[in-house]
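Both complexes shown next keep chain A, but they swap its partner, so chain B is in the first and chain C is in the second.
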Partner chain A sequence: MDVPSHYIQSYCTIRDRSIALNGTTWLKMDSSTTLADFLKSAYRQLDIDYPKFHKMDGLCKAIFIATELMTRDSGPYPSDTALIFSNRSSSYLSDNKHALGIFNTENATASPATFVYTLPNIALGEISIRHRLHSENVFFIFDRYSPEFLVPYTQAALDDKKLANAISGWTEISGHTCDLLLYYIGKSGSVPHTVAQLKRIYNEHE
Partner chain B sequence: MKTDVFIAGDCIISPLGMGSKLNFEQLLTGETAIAPVDDATLADHRIHAARIADHQWIGKIRNASGYTRLETLFILAIQQLIDAHSIPVDRRTLVLLSTTKGNVSLLHNPEAQFPENRIYLAEMAHAIQHYFGFANAPITISNACISGALALSVARQLLQYSDTYDQALVVGGDEISKFIVSGFEAFQALSDGRCRPFDRDRNGLNLGEAIAAAYVTKKATDDAVRIKAAASFNDANHISGPSRTGEGLYRSIREAMQLAGEPMLDFISAHGTATVYNDEMEAIALHRAGLSDTPLHSLKAYYGHTLGASGLLETILGIHSLRANRLIPSLGFQHTGTSKPLNLITQPTERPLGTFLKTASGFGGCNIAMIFEKV
Partner chain C sequence: MSELTQELKAKIITQLNLEDLTVDDLDDHTPLFGDGLGLDSIDALELIVMLDKSYGIKLSDPKEGRKVFETVQTMADFIEANRK
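After this line comes the complex of A and B, so read on.
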């Protein structure tokens, strides 16, 4: 077998009302908690002052929290860390809000503050601002988490630009459910960045 | 493993017609697709936009009632490429779709005629996969207004550095909907007439519709164009406003130029949406990169901003420009309107052309620069 060129430095999962860093639970709340309240509690538990967080939609908030936790574990992200994300529902939470506003028969409205979040890659912009990342961003849409595509693509993108680091994964947020796995990739370590390894990590909390 | 990657075929469906050669010829005669649109399903007042007419797509595919308008247009473009180049639908063919919003017009729309699950981009990809029987589920890229160019860049990376695929079909498209019109209006980003990229009196963009498709392969044909380099950087500055220093675009251009071996550029196909801030940002980035004197155009006054198609559409027209050795004028420009002047193309000049730079920028602070050269 080939020697893997990149390794997983840290990973974060958010499943429904539970957040884990490297497999260890960091926050768990009752399943009746709303997604908004759950993400707000996670933000409070981070104990940071970042007012922009409150303007974000649910997708951006969940991604923000996961990348915040991983950097606490693995140290600051280098500014050329590539961002290679995916999900199924794109920016559904904000799409839904914008569409409800414009088709409201009583009082049709469109808000720029909502519309700007109707693109999934806005979340990549948000974390680029937060962590000062000037790097390549790609947002893919799949039917389900697909390491079979993401791993070879991430490897190709890293090889292409001779990069050491990337944050990649699956960030599915729709309605009330949350299914997120993000991982931070670097040049050394003990957990190889492979399809098999990521399948194991993705399924370990099922 | 590093092999060269080429664009060996292309197709455009736009309000100016079907086929990329026809579209290119229309541009040289100064045709524009932008027209006044009075349609209550889009806005309660007149807008200026470029829309694909019903006769261009209705009844043109098998089982037509099973596919949305946008899916039908994607299918028509893909069919053209498959027929022209005998592209197999097996595991060795990657299909990359680029769209910002797909079938979002169905969402909460009382007039929608398809189930709402069709708003999911993966459902649209399934429909297209099913139509052709592709072995691989198409992969969708939704990365704001750089999606089209980014999809080309992703195809290049996969063909160059992974042995999973032999060729790729890269197809970009978006349609105008109330969802999109209302959003751009909320940003006060729409022009009150035909847009004027880089002009002093520009006051916003026009929305447009197009489908653009490219056949990307490792085999060089005689009229193929090489994807010489691509680079993409985020501004890390603001999620909706362009960077004042053009940082991400500047870095993208610099890296692409360096990777390409600092070539002499014959022209630049800019993003040029004709909003005040976007065009100013581009002028600053190009000035910083030392490219203020390179002949440049924006094609937005011909097609409007075609969102997920734009980067691909404008690249394909740039390729036709290379092949024909004819520069496409930047429609709508009269007076310098950026703090750093640019060299806008005003006449369809004939001269030997070999290399061009394509740029794009989008919400979320994303930017991309790509360099293409004749084989």
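After this line comes the complex of A and C, so read on.
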């Protein structure tokens, strides 16, 4: 049997109103809590001072929280950590908010703070700033969570660039729901970076 | 004028999502950019939109913005002198 070259060192799932780190619940709130309030509570629980968080859209906030939690578990990310993300709705939340502003027939306004988040890649920029990453990154749009694509793509990217680390996963956010799995890949660990393992950890969050 | 500065502080906090601040935390003379409140270029654009939407003032010269947005007080002075 082949020995895997990379392992999942830590992973974070955010689903509905709960957040788990490596399979252990870190925060759980009532389902009636709005997504915005839930993400704000998670930020407060992190006990950090990063005012820019409040300016981010929901997609960036969820990704920010997950990457923050994983680095607490695995240590600082090396600056060449590759970022390979995916979701279904791209930056729809901000796109829609921007469209509602500019097509408002009575008071059409373009908000620069909204417009700046009308690309999913902005989330990668936000965490690159936060963690001082100067690395390769890509954001795919798929119909569904696709470890069958992400694993070989990520592995090829790591091998091609001779990189040790990557953060990869699925980050689907709608107005009220969040379905996120991000995982940090490195050269050591106990969970091999395989499709089967990624299906398992995605489904373990009830 | 004090009423306007209070109103401006509330609008700035709401418009720029400065969730950790209250109106009382913001001094009339605290620099809004740089070492003061630490606002960035996107915030500057939001302030320009706010001037237009709330007070009917259009800033056409970016150099003018640097002075206008120095502090809450300089913003209030500018609004008082230019609002329609």
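Just so it is clear, the second predicted complex is superposed on the first by the 204 of 206 C-alpha atoms of A that agree within 3 Å, B and C clash if a C-alpha of one lies under 4 Å from a C-alpha of the other, contacts with A are read in each partner's own complex, and residues count from 1 in each chain.
Note that in this section a contact is a pair of C-beta atoms (placed from the backbone, for glycine too) under 8 Å apart; a residue touches a chain by one contact, two chains touch by 3 or more.
Predicted model only: the values in this text are computed from it and were never measured.
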{"item": "Chain C versus chain B on the shared chain A, clash or fit after superposition", "value": "fit"}
{"item": "First (chain B), second (chain C), both or neither touched by A:E204", "value": "neither"}
{"item": "First, second, both or neither for A:H54, with chain B first and chain C second", "value": "second"}
{"item": "Which of chain B and chain C A:P112 touches, first, second, both or neither", "value": "both"}
{"item": "First, second, both or neither for A:E136, with chain B first and chain C second", "value": "first"}
{"item": "Inter-chain angle, chain B to chain C through the CA centre of chain A, in degrees rounded to a multiple of 10", "value": "80"}
{"item": "Chain B versus chain C, judged by how many residues of chain A each one touches", "value": "B"}
{"item": "Touched partner set for A:S90, first chain B, second chain C, both or neither", "value": "first"}
{"item": "Chain B versus chain C as contact partner of A:D37, first or second or both or neither", "value": "neither"}
{"item": "First, second, both or neither for A:D73, with chain B first and chain C second", "value": "neither"}
{"item": "After fitting on chain A: smallest Cα gap, chain B-chain C, Å", "value": "8"}
{"item": "Chain B and chain C contact sites that coincide on chain A, given as residue numbers", "value": "110-112, 116"}
{"item": "Chain B - residues contacting chain A, complex", "value": "100-101, 104, 107-110, 119-122, 125-126, 137, 139-144, 150, 154, 157-158, 160-162, 164, 178-179, 182-183, 185-187, 231-240, 247-248, 251, 362-366"}
{"item": "List of chain A residues in touch with chain B within their complex", "value": "83, 88-90, 95-96, 98-100, 102-103, 110-112, 115-116, 118-126, 128-129, 132-143, 149, 152-153, 155-157, 159-161"}
{"item": "Residues of chain A that touch chain C when the two form their complex", "value": "40, 51, 54-55, 107, 109-113, 116"}
{"item": "Chain A-touching residues of chain C, taken from the complex the two chains share", "value": "16-20, 38, 42-43, 45-46, 49, 53"}
